[in-house]
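Below: a set of structures, written as structure tokens.
Here come two complexes built around chain A, the first alongside chain B, the second alongside chain C.
Coming up: the complex of A and B.
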């Protein structure tokens, strides 16, 4: 019986390992290719290099403003995540707690979902016009404001679900003990909703990290380009510098991976806990 | 009752938003639509005023947007060249920006319609025509006349005529991007196969060589340049000399049927219907294919494979097609100036300087495309390279752009190329059993729609 269980466990983890390796194959191939010369990338199908080389990384780090792109993406993504986290929490709490008293709030969060249907591409020209007039074009602040504005509606809707899951009676008890509404929000609601807050911050971070079109249109100078736009410099009209692109891509995912590894314990809980109410 | 009213209002609002969201899915076609999208004069004037960024010394500042015509080395060379221009021209400062290919049309379109166009840019072949239709391109007639007058307009003849719309020069020819067929001469010699000169000979060679994992030809469908190479070689294209849809011609049928034969005879890889250029090129570089119709700058990858491989690959002279023609296809890309520029004279001066002084983009930048100015063909980088020399000798003189047989391009070509119609045709021919006539009619209908939407550019 015990042996059977052991075999079952081994089999289960073996299967999981195979599935994970299969899903991760493109990533593994990317890492392997980053250590190959472009010649070797094109003339064989091996995942790992026959001749190991750091040339691609040297090319990317020494001959391109790659670290500038990383810095810009980190600044924009972190700023977006923090501002969206704070703003959405405040708005989501208000919607969750006051929808019983203010009927309009019941539909307000649904309006956020309607906003998600609006194609962002229609906003490109008006945004560029406005940003030029206020002096925000070609700047990290400008693109951060766009990402913050785009992410707040969905994140507010998401976090309001988490706040609804916290019993009102707990906060009422805290208020009876002397807490103000803001204090019960900060000391009770926020700590209990940390999984949700982490989820929305990760969502906003990844959205800002990966976004290409707005960053490409709004920011032109090399000093303010973000990573997704910077990676495009290796893609030519009819050719691609594969070695440099693979190396740059490996470097590009490191900050996002570190962020997600750090926050991962909150992700799964965050994705499911908000769906449970009462 | 009140709840029902609110629900009704909510439903109407939701439906209205969904309807509005479909606006982004429209074909955005028609000159009127494009003109309506342009914000009117007040915004442009304010933006132009803001754009006059004279320095304390009263320098003229030009914004130059360049495409990545090469990788890291090209961008270094281009920035160095701009720096050299700035040093040689005190009083004019050019700011260099590299615009990624992905989303380039949106980038330029948004910049132009928001009044934030650069002063000068390079760009893909048909973009100046589309922007000219929006009234945004600065005509360069005087620049071309000036260069003709002093004998320096030594452009490839086809390129010279390409960038003319309604009698105006909408861009100066900047570079040429020919397509060709590379082949493994060692494999042909080993199998006693003569170098093919016609389509039938090519098919025979491929049939003799195809065996298991080895294929006669490596073909990609995603970009579909191989099909374009054979269509133009056969003297046909999407349009006729009157710029009317012509994808149902006998020559097109002949070409599509040839491609279907390649598939039926199994001389191409089974996945060719979905192959990208990189996948087809990889097949060739791994020694699994004998012929590859592709972009000329694939020569760089061939060289990367080492001396032995490089010596075993040659460039095929344009074949004699069933129609009797021996044409080849090339992309013509231009350098253009915009109406929004505050400094048109300086912009034109910079364009001329860039055309005439850009040797380092090839000698140091490794640019894959060819200069439109023939005087540059004497550079060692062309004469000492067997592929480049062969392209100059055998391919460029018979190369025409995709808008052949029309002498000049026009706005609709931007969409014909951008909609990847050749790719669709190639995928259907290689990957399905759909009758060739049906494929031709389907693609032709799309060409007609595009031509009706965008017109032929003639006022």
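Coming up: the complex of A and C.
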């Protein structure tokens, strides 16, 4: 019996390892290629290089405006995460707590799905026209505004599920004792839902960090390009220099990888609360 | 003296105000403008010359052969993506839905594709699928499974398949996360009593797990369907809509109409038609699935 169980466990881990390797194969291939020299990358098709070199990384950091793109993306993603965190929290709280008072909030889930259906391309055309008119095109503020608006619906949906899971009695007691609603929100609801708030902020950060389509039509000048647009321009610039392209790509995914490895508990918790209520 | 405070509707509105204002300004206002533009012949190069043309754009769409073929690929792409993503997400969620050492690590690696920027994902896959130096072709050639390299992105049929595979790779983690969450919420007692009544693993899956995760499955498949339907980045970055517009979906067709042929009005009309189409389709889907339950 015991031997059978050991074999079962080994089989289970073996299966998982194979699946995980299969899923991350493109990733491993990318990392391996980024350390190959230009000559080796076209001739050696093993995953890892024979001669390990930092040449591609030096090339990216010294000969391209890579760091400018990183700075732009950091500004945009942090701004998006902070504003989405605050506004979605407020809205999500109201949607969780005021359904008895405001009928419209009960239809939020339906409205949310419809908001998701807007083809972003439909918004792209008028946004370009409007942004040129009000002077928001080619600016980090403009593109952040778009990301904030795009992330608010999903994040509000997620965080309202989180607030619904927190017992309302404590807040009611505090309000009877003279707290305003806003005070009980700040002092009771927010501290209890920090994991949820962390998860929506990470979600918004990653969304803003990764987005390409809007940034590609709104921010055209070199000094305000975000990382994905900059990376895409490398394809033309590097031509067939796959090594440098892979090195730039590896650098670009570091924040997302750090988030998923260290914060996955919060991401999972946040999504769970939002999604499970359906 | 303690004054008893009661919640009022006004407070609720105050709380949702900042979020609503931003969404109204940056999403709803442009949307309304987009709808208005779709009844005009707005040209990006001469915005002041725009004239109202009524329903002409919308009538033109249904006579447009390129639109019909884009619609065909979009439906193929969305449906096959949803099926693959749901099946893979479900299988992996079932696999991970137990306690074991290293669960967090395995889950983290499985979630990685989801957080990788589309630009990077497409570069990675372009490199993998390359017919001269790509890892897949080289491995298959070495093993003698194929004689000639497969042109993953250069023939219409393979390009369509490749885009679906990359989209599935990129999106299954969301499904996995959501389904795992739903499975964790199923009370353990249900399984215990079913086991005592002699139900085997498959029966427990069919009669407990599947019905219990149904509401979540409906919402998340609708979301994935919508996202795949509107997908622009994954396909555009991989193939630019080629070869010979075989993988040009509705979004890419709209993008090209608006920014290369400068037909803003016509492109907006396509977007409007798609929006109506999608609202009808997803309402129908939710209605049918929810009705079966009763």
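The rule we apply is simple: the second predicted complex is superposed on the first by the 239 of 278 C-alpha atoms of A that agree within 3 Å, B and C clash if a C-alpha of one lies under 4 Å from a C-alpha of the other, contacts with A are read in each partner's own complex, and residues count from 1 in each chain.
By our rule, a contact is a pair of C-beta atoms (placed from the backbone, for glycine too) under 8 Å apart; a residue touches a chain by one contact, two chains touch by 3 or more.
Everything quoted here is computed from the prediction, not taken from an experiment.
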Three-chain arrangement built on chain A, chain B and chain C clash or fit: clash
Touched partner set for A:121, first chain B, second chain C, both or neither: both
Which of chain B and chain C A:50 touches, first, second, both or neither: neither
Partner chain in contact with A:236 - chain B first, chain C second, else both or neither: first
Partner chain in contact with A:129 - chain B first, chain C second, else both or neither: both
Touched partner set for A:137, first chain B, second chain C, both or neither: first
Chain B versus chain C as contact partner of A:221, first or second or both or neither: first
First (chain B), second (chain C), both or neither touched by A:212: both
Greater chain A contact set [chain C / chain B]: C
Which of chain B and chain C A:107 touches, first, second, both or neither: first
Chain B versus chain C as contact partner of A:169, first or second or both or neither: neither
Stretch of chain B, among 73-81, 91-99, 109-117 or 199-207, that runs into chain C once the two complexes are superposed: 109-117
Chain A residues contacted in one complex by chain B, in the other by chain C: 42, 45, 114, 117-119, 121-122, 124-125, 129, 212-213, 217, 232, 235, 242
Residue ranges of chain A in contact with chain C within the complex: 12-13, 15-16, 19-20, 23-27, 29-30, 33, 41-42, 45, 47, 83, 86-88, 90-91, 93-95, 97-98, 101-102, 105, 113-127, 129-130, 145-146, 148-150, 152-153, 156, 175-181, 185, 206, 209-210, 212-213, 217, 227-228, 231-232, 235, 242, 245-246, 249, 252-253, 256-257, 259-261, 264-265, 267-268, 271-272, 275-276, 278
Residue numbers on chain B that touch chain A, as the complex places them: 6, 10, 13-14, 17-18, 20-21, 23-25, 37, 39, 43, 46-47, 50, 65, 67-72, 75-76, 97-103, 106-107, 110-111, 113-116, 124, 177, 223, 225, 277-278, 281-282, 285-287, 295, 297-298, 300-301, 304-306, 368-369
Of all residues in chain A, those that touch chain B in their complex: 37-39, 42-45, 59, 63-64, 103, 107, 110-111, 114, 117-119, 121-122, 124-125, 128-129, 132-133, 137, 212-213, 216-217, 220-222, 229, 232-242, 244
List of chain C residues in touch with chain A within their complex: 2-5, 7-9, 11-13, 15-16, 18-20, 22-23, 25-27, 29-31, 33-34, 37, 47, 92, 95, 100, 102, 104, 106-121, 123-125, 127-128, 133, 135, 138-139, 169, 177-178, 180-182, 184-185, 215-216, 218-220, 222-223, 226-227, 230, 232-233, 236-237, 250-251, 254-255, 258-259, 264, 267-268, 271-272, 274-275, 278-279, 282
